[in-house]
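Okay, got some structures for you below.
Note that chain A is present in both complexes that follow, paired respectively with chain B and with chain C.
Now for the complex of A and B:
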């Protein structure tokens, strides 16, 4: 039972969604502070390459993750510095960094392509791993996966239950009000852009050291954009973002399955499934239908439901703030 | 606490916003700070509350020189400012908003926050739903929360910037009661920045008048309005005289109109406006006046009933078709609904033309824009963008963009936030339009404006329009009753 195909598939979906979950949490922190780090796709490639190269040369995966984190943070710093200090368009900077990361990672990593290297070791959590069904799916993984679980919760808690979280969100929602209450708006934005970028770096390295082990040009290409889309899909909430990433992973797995079952249908058609599904969910969540469903719900549930389903971007997202 | 401002100066380029202002404010008193738009009131208050440092001059509290590097520091020393648009975070819950910046502990203490808020709100009889999000509250409620936050934060000096704009009469009474309580019972210093002389007279014990960055007068209040106006303007401006204007043919006819929006519906509206008539809609914000105006403009469509324009059925026509039929609409949100932030004056003029060509004739456009700027006395150039203009000039631009020869002009708060002189000027322009047989239908939160400008008045309350009143045969009391929903 524990090694039934379904359980194995679910476990692999969890594993495959991990980097996206980490990147989504990072970008949510950044965007909640009011900055859009559009460079995710390039950052991930750079950090996937750096992570692998460092781990290969030092024979230590954790140093690899550290290096990747540094690269992610550095790319994010460029976005923050360019938009806050130099007052340039953060979208333009992020976009150019995406292109740069793609080519630069191909260039710098060219001597390391398609060679075996260190990988994150499998680590099943004692006791928990023995819970039927749940154990093998969730706790028979590796440390990076467990880190992602914790990260989702910590990000959520930090954002919505702590004073630093309020400060961070005030920078993204109404910087003037935050400033009036002693919040250093631009400090918050630097801080969370850099932290967010560091997390995106970890996400990149968890591809090259964990999921698509090794380095090849364009290894993670596309996943940065997917993470950016999931941030929006998840309504800037880490919990919903996690579900978004898992949904994406699940539909990907479904696509692979369908592809095997209907070999006569083109592969490309199945690859489109996750996107179609995401758009449908977004349309459904924002529709009158959902509003009507909410009004049927018991009164005490209505407000939490509305809050959960509401999607609104941080209101000052992408704006610049000038302290007088 | 005794506050002294000594020779405060603040220049923005060539503009002397504050040009050597000295003031003394005592505890336990309510002061009114008056002045025309751009007289330097906001700058002075921002300096006192730590938003901006002065170029030179000192702020002294009980003879001790203060240096405010930020609003937070100023509040720590006891100065809190309540902005016209409250400085809160709309997507936050009431509790989160209250706790933001409150202390440095990492984990939020909701329990004591709720307790403190409840204590505050009951002390001032504010009625607030502490479970909601800020964005679901009315402006008045948000103001009450800010006030509570400032007081808990230790404010000894409260600065209120146009606090009654956009709040209901009831909320205004609650606010004024709490202000009196704060000053007279708790010895706090209150500074009221306002355009509305009646309010300043009602509430304040001393008036201070700024003009062009200088303090030009101080007086005990209440005093005759003329005295204040004279200090503000140097002379009493001519009030637009209400002359009898002969009314012409019916222009607008509303027959049994029903309009439904998700918030509020209006029902059974029957109304006829004649050429040259000025019709005022009174009522609390959100009672249905705006829905009626939008329905007449073709921005909302009635469920049933008819809209007639010069006898022609125009029910269900879209706004741009209504424009072609001779209807003009000036919305309240100047930058939100009326103007486009990044576009220049000339580009606005081009967009507002009834007919467009693919290529823009630059030189002709500049000439037209220059003449509009001249005619409407806008302080700006054809290539200034709309957001560079001051509020008053934005309003003038909005009027400049209304087409010529309209049958019907619909206006939301035509003079909100403008000083007496600009308001008069705007109404003079509107009166001139009556010569072309234009009828004017407007809503305003300012009862004086409704009384002074309208031929007839109707009051909205909860989506129901009252009977139509002749201005000369009604009284403020009667209207007040109708606004409160009593027939």
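Now for the complex of A and C:
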């Protein structure tokens, strides 16, 4: 029963969504502080490449992750520095970095393509792995997967249950108010852009060291944009973001399945399924329908429901803050 | 809670301990008082303006010191220097006789200074308790201690009569409640000196008197308070001393019992004020604007206007009185095409403009002076000159064949700036750098220079100094004399009574009743504003 196709599929969906979950958490931290790091796609390619190369040369996956984290943090630093210090458009910088990361990773990684290297070892959690169904799906994975789930929780907790989390949110929602309360807005923004970038780096490396093992030009192309879309889809909340990433993974798996069943239909049609679904859900959440659901819900449920369904971006997202 | 002030010496701690014993130098919150704060020779320049020119200002524990001055006189700037938001180029700040360096709001807070800003500084997406806790150390290290914060908030609320729900989100609160949160925030943080920058501008009379109860209590307890307002009566009522600024300089400082309202006004404006302008009789026949059973939603998605009908005739001023948040904003926006009308019709000059775009409505000769100057009225990154022609960019003589005629624009701006007495370094200054009151003047200049058929004026004098208020009133009366139809939406009952020909009262999105200006008495209007319908027969 443990290796039934369904269980295996679910386990593979979980595995495949981990990099997205990690990247989404990173970007949520960044955007909640008021900065958009649009360079995710390029950053992920760069860090996937770096992660693999470092791991290959040192024969140590963890050093690979460390290197990838450094690259991610550095790209993010450029975004933060460019927008805060040089007052340039975050979007322009991010976009340029996306293109740069794509080309640079192809160039620097050209001697390392399609060769085997170290990978993250499988690690089943004792006891938990033996729980029927749940065990094999969730606890028969590897450390990166566990890290992703812990990260979701930690990010959520940090944002909504801690004092530094309040400061972080004030920077993204109403920086003047935070500043008047003694919060160093630009410090917050540097900090969380860099941390977020580091996490995106980890996400990139978990492709080359864990999922699509090895390096090839354009290995992770497209996933950065997907992560950015999931951040919006998830309404800047790590928990909803996680569900978004899982939903994305599940529809992708469904698409693959359908494709095998109906070989006569074009591949493109199936590949579009996750996107169409995402747009539909966003439309639904933004429509009157949701309002009505909220108004008919029992009173005690209304507030949490509203908080869950109502999506609004950090109000000061993408704007520069000038301290006198 | 010692160590509140920077560079505290062992000797001072000794002294404080002594005071702790007889408890005279401490506030009920347990924080030390600031017995004197002095600013000496403060100079602050902005490109093209000397906002503060060697200003001396001081305040003592247990008093409320008023800071008066016209729009752009430099009041907010001086206070922002004290609160560490701006750095002064010259001058020093002394607390209890010791010079202090205030380089950021953080330093100011450490020194026991709190500020209620002209525009509130709350994070709308956080709860009241979270806003209070923001930026403070928590008793649980990195974890929030919102339960303790809430308990303390309730305690302070009790002490000073400030009712708030610590768990409510700030975006859900009315303006008056948000202000209470601001005060609690400052008290929570142990502010011994509180700066209040135009705290009453957005409050209803009822809320103002509640605020004053709180402030009096704070004074008795030994807080030092600085109060900025354009309403002289308030200053006379509650302050003990007054300092008047003009063009960045102190032009007078006096105990309140040695001045009169007239004298203060003269000091501020530098001239005598005129008596209330006289309205002439004029014919009011042609209906310029008519609303029939208009419904519209507010921002929360519930009906903010519930079947409003009204007729506005040429040459009359129709006053819309009401307590803030009863649909005034929705009414103005619905007429001007900025809010979807869910039911009913709006006609201007006989033409149906229900659901029309703002561009079409502007062409129908409707001018709009919005309540939210920055959001609905101005593009804050644009210059003064650009904003002045914003509504007429496509028209002669400002535009020929799609190109802007800069000479004509520049001439027009110079004229308007002069005529409306807008204080700005130049016409090429971005609007965001102007003082609150001057932005309002600019907006009026633009809207009134178009010779409109209908004017929708929402809170046209909010935040304006007395000179400018007088001027705006005169302009509205002149427009009326020329046959313009004016809808005056205001929460200031005195303004409504002084200007209107007819008065309607709006309550929860409905028109409660109409009275002619001659028959109106404030008491009856007050009842209608509170939602009590007039007795049968009246």
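By our rule, the second predicted complex is superposed on the first by the 324 of 324 C-alpha atoms of A that agree within 3 Å, B and C clash if a C-alpha of one lies under 4 Å from a C-alpha of the other, contacts with A are read in each partner's own complex, and residues count from 1 in each chain.
To be clear about the criterion, a contact is a pair of C-beta atoms (placed from the backbone, for glycine too) under 8 Å apart; a residue touches a chain by one contact, two chains touch by 3 or more.
Here the structure is a predicted model, which means the values were calculated and not measured.
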State whether A:124 touches chain B only (first), chain C only (second), both chains, or neither. neither
Using the touch definition from the top, say if A:100 reaches chain B (first), chain C (second), both or neither. neither
Is A:108 contacted by the first partner chain B, the second partner chain C, both or neither? neither
Of the two partner chains, chain B (first) and chain C (second), which one does A:239 touch, if any: first, second, both, or neither? neither
Which of the two partners, first being chain B and second being chain C, lies in contact with A:180: first, second, both, or neither? both
Of all the chain A residues, which ones make contact with chain B and with chain C? 161-164, 166-167, 169-170, 173-174, 176-183, 312, 314-315, 324
Touch list for chain B against partner chain A, complex: 46, 51-52, 70-73, 87-92, 96, 99-108, 131
Along chain A, where are the residues that touch chain C in the complex? 161-167, 169-170, 173-174, 176-183, 291, 312, 314-315, 324
Contact set on chain C toward chain A in their complex: 83, 85-87, 104-106, 109, 115, 117, 120-126, 130-131, 133-138, 141-144, 185, 301
For a test of understanding, state which residues of chain A touch chain B in their complex under the given definition. 161-164, 166-167, 169-170, 173-174, 176-183, 303, 312, 314-315, 324
